[in-house]
Structures are given as structure tokens and as C-alpha cells.
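Shared between the two complexes below is chain A, which pairs with chain B and chain C, respectively.
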Partner chain A sequence: MNSILVSVLWGILLMYAGFLTKNKRSISVLAVVGAVAVLSANALEYMGLSFFDIDTKGMLFYNPYSYIFLVVIHASLLLYFLLSGTEVEETAATPSDHYALIFFVASGISIIAGFKSLLMLFLGIEIISIPLYVLAGSDKSNLKSNEAALKYFLMGAFSTGLMLMGIAFLYGDSGTFYLEGINMGATEMSPLKAIGGVLILASMAFKVSAAPFHFWTPDVYDGSPTVFTSFMATIVKSAAFFAFIKLFEGAFGKIQGQWQVLLAVITALTLIVGNITAVFQQSVKRMLSYSSIAQAGFMVMGIFAMNLMAKQGLVLYFAAYSVASIAIFAVLAKLKDHSVDAFNGFAKAHPLVAAVVLICLLSLAGVPLTAGFFAKYYMLVAVLKNGTMYWLPVLAIVCAAVSVYYYFRVIQAMYFKETEAGSVAEIQFSSSFKVIMVVCALLIIGLGIHPDWLMDLL
Partner chain B sequence: MQVMPINYYIFLSVALFTIGIVGVLTRRNAIIIFMCIELMLNAVNVLLVAFSKMHHLNAFAADQLTTVGTEAQLFVFFIMVVAAAEVTVGLAIIVMLYRNIHSVDINFLNRLKH
Partner chain C sequence: MPLSEILFWFLTALALFSALMVVFSDNPIHSVLWLIMVFFAISGHYILMNAQFLAIVNLIVYAGAIMVLFLFVIMLMNMNTDAEPQKSQWMRIAAAVSGGALLLILVAALKDNAGAVSRTSGEGSIGLIRNLGKVLFTDYVLPFEISSVLFLSAMVGAVVLGKREKNSKPVNH
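Up next is the complex of A and B:
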């Protein structure tokens, strides 16, 4: 609960910092300090030091699993600030507003990490979503950004409506908003509970951009400023997945057999649609949007399996996916052109940064010795342990093989193609940027060799 | 006291909700879509209050001092607050769009894409 308090306070502080200083650099530094503060506040609570104690009537409850999830999220947030701080500064005359919104999203994520009641789920999801609508449209004069904001807003509000209807039906069935209360009782599904469950499933699929509710994702991710796409596609998506698994384990854990088929269909569709469409994209940014759908397919597999291994593997997946994507998006944001050809000759001009991007792409593709490999491995084993639907892991492996194609296209452009007239050579990477990129690469390789560093904590 | 069966409320609320969904899917004016979303949220409010009363009456028979059912009415207030926050952001986005293209037709955006 520390992290809720600290992130909200820091968000308010940053809002006022815009009045006090016009120096964009110092606002970025303040944001980085804030990320460290949130991270350490959460770590302190994990070790038993809580800043305050509120009786939430059991609506919020944190266990080690939620704390470690929050550590992963806050560490990603810190990396994101360090890598993309200069881009956030460039998006507006007053970057402090955007930083404040990001901190408000972080407070929503802290609520999501510990919800035990549907009320808190609803509030958490909304606190995450509403600032994001603003961030998506932050490039006010750009029509693509406007479109992204409007689409994201209408789709987000629509899916919130579906979720609320689902919550109302679940309440009608069980008379309580607590997850335990909904999970209790007969293993038979009443009509009200079935309708509620399906509506909530649809809205959660919207939030995590799983097929067939993924259609908003490419337009929104492509249209938003790249630096905020990075935030939406990694940290926020991880949070939505955490809410998804927590909700389905808590409220529908006992009737897993009855919704598993539905989730298997969603998984298969997401994997196929995400991977196949990504192959045909010419823009790297749009390719990464579809790749985020494809990765979501793998993560839905964890929710399908819903055993201990799946739960642990999901947090590893969040870490692997977030770090790799944040690093790639950070480089992409520096490039003005987002087509694959923009990466031509990148390795020759910037060997170190290219090497890090290479490692990140390999991790996303799931090549061994990177964190992405173990993340995918845990998902597959979790489904196998589940004992049903053996075709699902097979399909997932085939789709992972397809994904290698579009990730390697970028690698090929970086290493084996010549650039025209030194377009990539003009980009400057500061030395601090390079250091953080190397840290990202080390994290990915470290987790790829020793996933137990993270898994043992869970 | 004759109590209206819960089914009537469910039918009313589902009807309102469906009108909202159909509106979102078929209309092309951003403001109308927005109104339809609000209609969906208010359908939920009706349903929550009805269920709240239903659970309260069921528990009231056993215990006259019961507080069962109050939480859904509180939930309604949260929905109203969140809906208000959404309106603030949403109308701002629509105004921003109107400034750029002098229209609130969402088809216009699809035409721009290609």
C-alpha cells in the first residue's frame, strides 16, 4: 500500500513542479527520483515496514506475489524513465504533466496488484485507463495521435461498460463484490454468473488486447507518440494481465473447467492473428504493436493454465517482455522514420546499441539464453501440466517460429544492409543511454541464465 | 408489501445496455457514441441498485439490522464519479479532434489512415 501513497503524492508533486521550474531536465530527474522512491517504498513494505495502516475491509490485500510483481513493474518504470526521459521532455512544453499522469497510472497498478474486491478492480483499471487516454493524444496537432486517443477512449470506455455489467451480474448472483464470495458455493454455473463471467472475460480481453478484441491495438499503439506506446505496450499491459489472472483465479478458480475452452480459443486466435499480421508490417512500430498482441497470446496461455508454474512464469514473462520492449521502443523513439529500412546499417554506426537491440529482439523471439526463452518455456510447461488441450502448446511453438521471421527482419536490416547517405549515423546516443541499454541487456541475459533469481522470490 | 420481481429490472437494464451497445457499434458521431456508452453505464447503475434491494430484502427477513446490499449502492456512486472523470477526458479529446478536422465523424479518421 506504500506504493499507492508514494506514487500519488509524487504525481501531485510533479504537477506542481511544472509551475516551479521550466527546466525540463530537472523535471525528468525528479521523475526518476520518484520511480526510485516508489520502488523502495514497495520494497520496504515487502520487508515488513508499512508507512500507514488502513482498514480496507479486506478489499486490498498484498501477498509476496503481488509485491514481486510490483517490484518488476516499478523497476521497468525506472528503466523506462531513464531510457525515454528525453523523449518525454520533447513531447510537450510542460513534460511534468505527462510524468504526473504516468505516476497516477502507477498508483492504479498498485491497486490492481492487491485487489480482493471487484470494486477495487474497477477503480484500479479506471485509474490506469483514464490518464492513458490523455497520454495517447498528447501530440495534439498530429491527426494520428488524435485518432489514437479517440479510438482508445471509446474502446476503453466501451469495455469498461462491459466489465461493469459483468460485475453487476456477478453481484446479483452472489450478493458480494469479494472474490472469495463469488468463488464460493456450488461448482455449477448459474445463468447470472455465466453471463457475468463472459462479459468480464470480454472486457479483460479488450484490456490486454487479446483477439477477437484486439482490433484497436495497432491503431492506438501506432498513432500514439512512440514514447507513450512504449509505456502502454509494456508496463500497462503487464498490469492488465496481472488483474486478469488475479480475477480469474480468485473469482472463477473453482469452475476453471467451464471457461477453459473459451480461453483456449482466445489464446489460439490471439497467437495466430498477432503473429501472421505482424509478418506483413512495413513499419517497425506497427510490427511491435502486432508483436505485443502475439506476446499477449503467450501470456493468455498462462491464464488458461492457471497453476503455480503459470503464475510464476507470468511475472517472469512481464519482466522479460517489458525490459526488451522498453529498450527497443527507446531506440525506435530516437529514429524519426519507423520503417524497417530506417534500421539499415545501424550496426555499423552504433555497434553497442545495435547489439543490445539484437539481444532484446532475440529475447522477444524466445531464443535460448535470453529471458524470453524461459518465459515462453514456463508458459508451455504450465499448459502441459494442466493436462488438457495439448494442441495449444504445439500451436504456440509454431507461432513462435513464425515470430522469428519478423524479428529477424530488423536484425537483418541492422547488420546486413548498407545505409543510404548516413541517415542513422546522424542519431546521437548519450553515454548514459548506452549504459542503461547495457543494463537492460544484462538483465535479459541474467534472467535467461538464472530465471530462478526471480522465480525463487515468488 | 408487493415487491416487483427482479426479472423486470434485469430486462429493463439489459434492454438499456443493448441499446447502448448497438448505438456504439452503429453510430458514427463521436458524441452519440459517447452518449451510448453513458447509457450502458447507467443501465449498470439501475441493475446494481435493483440487485442491492433484492439482496437486502432477502437478508432483512432473517435479520432486521442487516447491512447486506448497501455495498452495491456505494458502487453506484463510484461508477458515477468514474463516469464523470471519463466525460472530462473524453470531451476534451473530442474537442481536440474538432479543432483539427472540424468534424466529430469517426469515419473521417479511417479515411485519413490510408
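Up next is the complex of A and C:
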């Protein structure tokens, strides 16, 4: 609750800050302060200090799991602001408004973290989605950005329609919006519940870009300004996954056996489509879009398994995936050219930043001693513990092996190829940028050696 | 046959006929006008179920605002048969099959739950504005307030997209 309030208020504050100052730098600083404020407000509530106490009629309820998830999200947001603040200033004509939109998204994520009623789920998802449509199209003179925004908006509106229809069917079946009410006593699927569940499943799969609902992802992620792609592909995707698991555990937990096959198919498709298509991409930005689909495949495995290990592992996955992707996207946003060749000779020109990117890519590939390894490990063990469909982990491991290929192409370009024109040497990385990058690397390695730092909290 | 029942069947027939005309009429403007008819018929149903507020909102929002938007879009896009994109035969068959499958499942599901959805008309006062307001400001006050964030972000977004950037040239059509 604290974080909802603080992020909304800070969004409004940033909106007005645009009138008070034209200095873009100070607006970025204000946004960083806001991220710290939201983070600490949430931490305070976790420790038992609520700013206010209202009767939500049981529509919002936060447990330690949601609080830790929010801590991960807000920490990623802080890292994102610190790394990509200068890019937001450059891309956006009015950074104050764009920061305001990002804070509204943050408030939506806080709602998602604690929803107990489908009404709040819908509001949260919409508060997250609508600012994103705008952010995707914020580079108004770029046709690809316009296309991304329009595609995202049309497809997103359609999937929202599906979700509303699903909610209506669930309401028709159980007469309540509350998750407990929908889950209660239902050991078998009634037809209405089945239709509602499948419709909601389709719309949630769309939001997390799981195959076969992933077609918008590459175009939207590729067309949007890189800074906002970074935000969409990491923080927002994690939030959508959190909503996904919370919804399916809360409303359909008792009938897990009946939708598991469906999710297994979605998982397998997502893993195969994401990884195989990523192999053929020439642009790093597009490759990262497909890799985000591939990573989503691993995360859907957590929803498939739906046990304690899967729930804990998902939050670790969010942390590992978000930190690594935010760092890579931050570097990518500084490059003018997004092809793999643009990374040629990067290691010679910027050894420190290249090393951090190396660690992030290794983490995304799931190499041991990085957070990505344990994230993937938890997902696999969760599915094994579930006791059915042993082919799924096998497929996932094969796909992870495929993913090594495309992540290593970037590493190869950075370390083993010579640059032609010296274009990478022209990029300047400020010292504060380097410090934050090192913090990202330390986080990844720290969580890779001691995942229990995060897991014990859950 | 009591009056309400006659009205019910009349409105049902009107709604179904208009909905079919929306799909089958060649001129998109006619489609939109038939769609307004559908909304009026559905609003009539709401009134029969003693849900005046819903009926009025349905008219104001759908038959009013959204339909005007539809008309503007259609007129701006200057739609005619030449501009219609050619769909392949397979696409049409696939669309018909999947749409038909969805219809079949929905009908089957509703048939199984026939008892749950039957409601006698003209009874219950849940749809009256007084009760709706009470519920909205007691039980549902939190979502009501939170939806303000949604509208605020939509407004900010509209301004961000609509504002002309200083260095950009005006777009010529």
C-alpha cells in the first residue's frame, strides 16, 4: 500500500516538476530520489510501518512474498534510472512526463503485487499497460516507434478485451471477483470456469509474451526506443509474471492438474520459438527481444510447477533477468548501431564495461556462478518436484544450450573481433555509469554464489 | 402474454436482426448505424431488468461517444471496397472454423448453466443508481479511487503523444 501511494504521488510530482525546471538533469535526479523513496516506503511497510491503514475489503493483501517481489522490482527500477537516466533525457522531449508515466507503471506493479480480487488485477494490468503504449511510441519522428506503439496498443487492447471476457465468465460461474471465492470448493472445472480460465490464460500469456501469443514482442521491443524497451522487457515483464502466478495459484490452484497440459504446451512452444528464432537475428536488440521470449519460457515453467520452489525461484529469476538485461540494454542504448558487429572491439576500447556485459550475458545464458544459473536451476528442480512431464526440463536444458550460441556471438564480437572504424571507441561512459555497472555485476555474481541471500527472505 | 414478455421478445429479435445487419451490410456507415440499433435494443433489455443506470450509461457511452468515434474513424479512413485488403481463402476458412468452435463452446457452456443465468425481469433493485452509488462508495471505493490513476496516466499519455516537439516539422498529409 505504501508503495502505491508514494509512486503515484511521485509521478504527479514529476509531472509538475516539468513546469518548474527545464533542466533535464535535475528531473532525472528527482526520479532517482523517487525510486529510492518508493523502495524505502515498501521496505518500511515490510518491516511493519504502514503509512496509513484502510479497509480494502480484502481486495489487496500483501504477504512477505509480495513485499520481497516489490523490493526486487523497485531495486531494478533504481538501477534502471541510474543507468538509463541520460538516455531518457535524450530520447524524451519532456522527460518529466515520461518519468511520471514510469512511476504510474510502478504503482500498477504495486497493485499487481497484492491483488486478491480480479477487479484489482484488471486495474493493475491496465495501469501498467496504458503508459507503456505511450512510452513505446515516444520517439515520434521514428516510423518504427510509431508502428511499435500502434501494434502494441491494438494487440494489447484486444488481449485486455479477452481478459475482461474471461473475468466476466469467472464471475458468472462463481458470483464473485475474489480469488478465494473462485477457487473455493471447485475440484473440477465447470464449463464457464474453463472458458473464463482459458481466456484469462490467453491474455496473461500475451502480457508475458509467451508463445503462441508472442508475435507482438519482437516488433514492439525492436521499434520502441531502447531505453523503454529495457523497462518493458525487464521490470514490466516480471510484474506480469507475478500477476500470472498469483492469479493461477489463487484462483485455479486446486485444479492444477486440469490446466497443466495447456501450460506445458505453452512452455515448450515459448522455449522453442524464442531460442530458435533468436539464433537467426542480426540485430542485438532484436536478439534480446527473442531472448526475452526464451527467458519467459523458463519463467512459465515456474507457473507450470506452482510449488514453493517455483514461487521462490521466480523472484530470483526476476532479479537475475532484470539486472542483467537492464545493464545490457543500457550499453546497447549508447550504441548507435544495434547490429552484432557494432560490438566489435568493444573489449579493447572499454574493458570494464565489456567485462560487466560479459557477466550479464553469461547470467542470461545460465552459466554457473551467476544468478542466471540458479534461477534456471530452481525452475528445473521445481518442475521435477512436480512429478509430471519430465520431458519439459529436458527440453528446457536443450534450449538453454541453444541460447548459449547467440549470447556468445556478442561476447565473441566484443573480445575476438577487431573494430574497423573505431566507432566503439568514441562512446563515452561516465564514471558513475561504470560504478553502477559494476554494482550490477556484483549483484549477479553475489546472487550466483549466495542465492540464499534472496531466497531466505521469501 | 404480459407486456414485459412481449417487449422482451421484440427487443431480442431487434437486437439479433440489427447485429446480423451490422455484419452483412456492405456500407460501413450502415454497419455503424445498425450497431447503434443493437445498443438501443440492449439498453431496452437493461431497463426490463430494472437496471436504469446501466441502460443510460450504455446509451451515453456506447451509442453516443464510441459510435461517434467509430463514424469519424470510418469517414477519415475513407473505406470502400477497393481499399479492402484481400484475405486469402485459407484465412477465411480458418477464421470461420475457429470462430465457429468458440461459438459452439460458449453455447454449450451457457446451456449447461441455464439455471444459473435465468433471471426474472423487473425484479431486484441492484441496478438502481442509489444502490449502485452506495456499493461504489463503500465496498468498491478502493478500485474506484485507484481507477483515477488509470485515467490520469491515460491523460498524461495523450498529452505526451499529442504535444508537438519543438524541433520536429509538422506532418503533412
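In this text, the second predicted complex is superposed on the first by the 458 of 458 C-alpha atoms of A that agree within 3 Å, B and C clash if a C-alpha of one lies under 4 Å from a C-alpha of the other, contacts with A are read in each partner's own complex, and residues count from 1 in each chain.
Definition applied: contacts are C-beta pairs under 8 Å (C-beta built on N, C-alpha and C of every residue); 3 or more make two chains touch, one makes a residue touch a chain.
If you're wondering where the values come from, they're calculated on a predicted model, not measured in any experiment.
Enquirer: Looking at the overlay, what does A:D219 touch: chain B (first), chain C (second), both, or neither?
Expert: first
Enquirer: Contacts for A:L123 in the overlay, against chain B (first) and chain C (second): which applies, first, second, both or neither?
Expert: both
Enquirer: Looking at the overlay, what does A:G161 touch: chain B (first), chain C (second), both, or neither?
Expert: The answer is first: A:G161 touches chain B but not chain C.
Enquirer: If we overlay the two complexes on their shared chain A, which of chain B and chain C does A:S430 touch? Say first, second, both or neither.
Expert: A:S430 sits against neither chain B nor chain C.
Enquirer: One more residue to check, A:E147. First (chain B), second (chain C), both or neither?
Expert: A:E147 sits against chain B, while chain C stays out of touch.
Enquirer: So in the superposed three-chain picture, is A:Y133 touching just chain B, just chain C, both, or none of them (first/second/both/neither)?
Expert: So A:Y133 meets both chain B and chain C here.
Enquirer: What residues on chain A does chain C touch that chain B touches too?
Expert: Residues 119, 123, 126, 130, 133-134, 137, 140-141, 169, 172 of chain A touch both chain B and chain C.
Enquirer: For chain C, which residues count as touching chain A in their complex?
Expert: Residue positions touching the partner: 105-106, 108-110, 112-113, 116-117, 139-140, 142-143, 146-147, 149-150, 152-154, 156-157, 159-161, 163, 165-166, 168.
Enquirer: How about chain A: which of its residues touch chain C in the complex?
Expert: Its residues touching chain C are 4, 8, 11-12, 15, 54, 56-57, 59-60, 93-94, 97-98, 100-101, 104-105, 107-108, 111, 117, 119-120, 123, 126-127, 130-131, 133-134, 137-138, 140-141, 169, 172-173, 190-192, 194-195.
Enquirer: Can you tell me which positions in chain A touch chain B when the two form their complex?
Expert: For this pair, the touching residues of chain A are 119, 122-123, 126, 130, 133-134, 137, 140-141, 143-144, 146-147, 149-151, 153-154, 157-158, 160-162, 164-165, 167-169, 171-172, 175-177, 219.
Enquirer: Inside the complex, what are the residues of chain B that reach chain A?
Expert: Those in contact with chain A are residues 6, 10, 13, 17, 20-21, 24, 30, 33-34, 37, 40-41, 43-44, 47-48, 51, 54-55, 58, 68-69, 71-72, 74-75, 78-79, 82, 85-86, 89-90, 92-94, 96-97, 100-101, 106, 109, 112-113.
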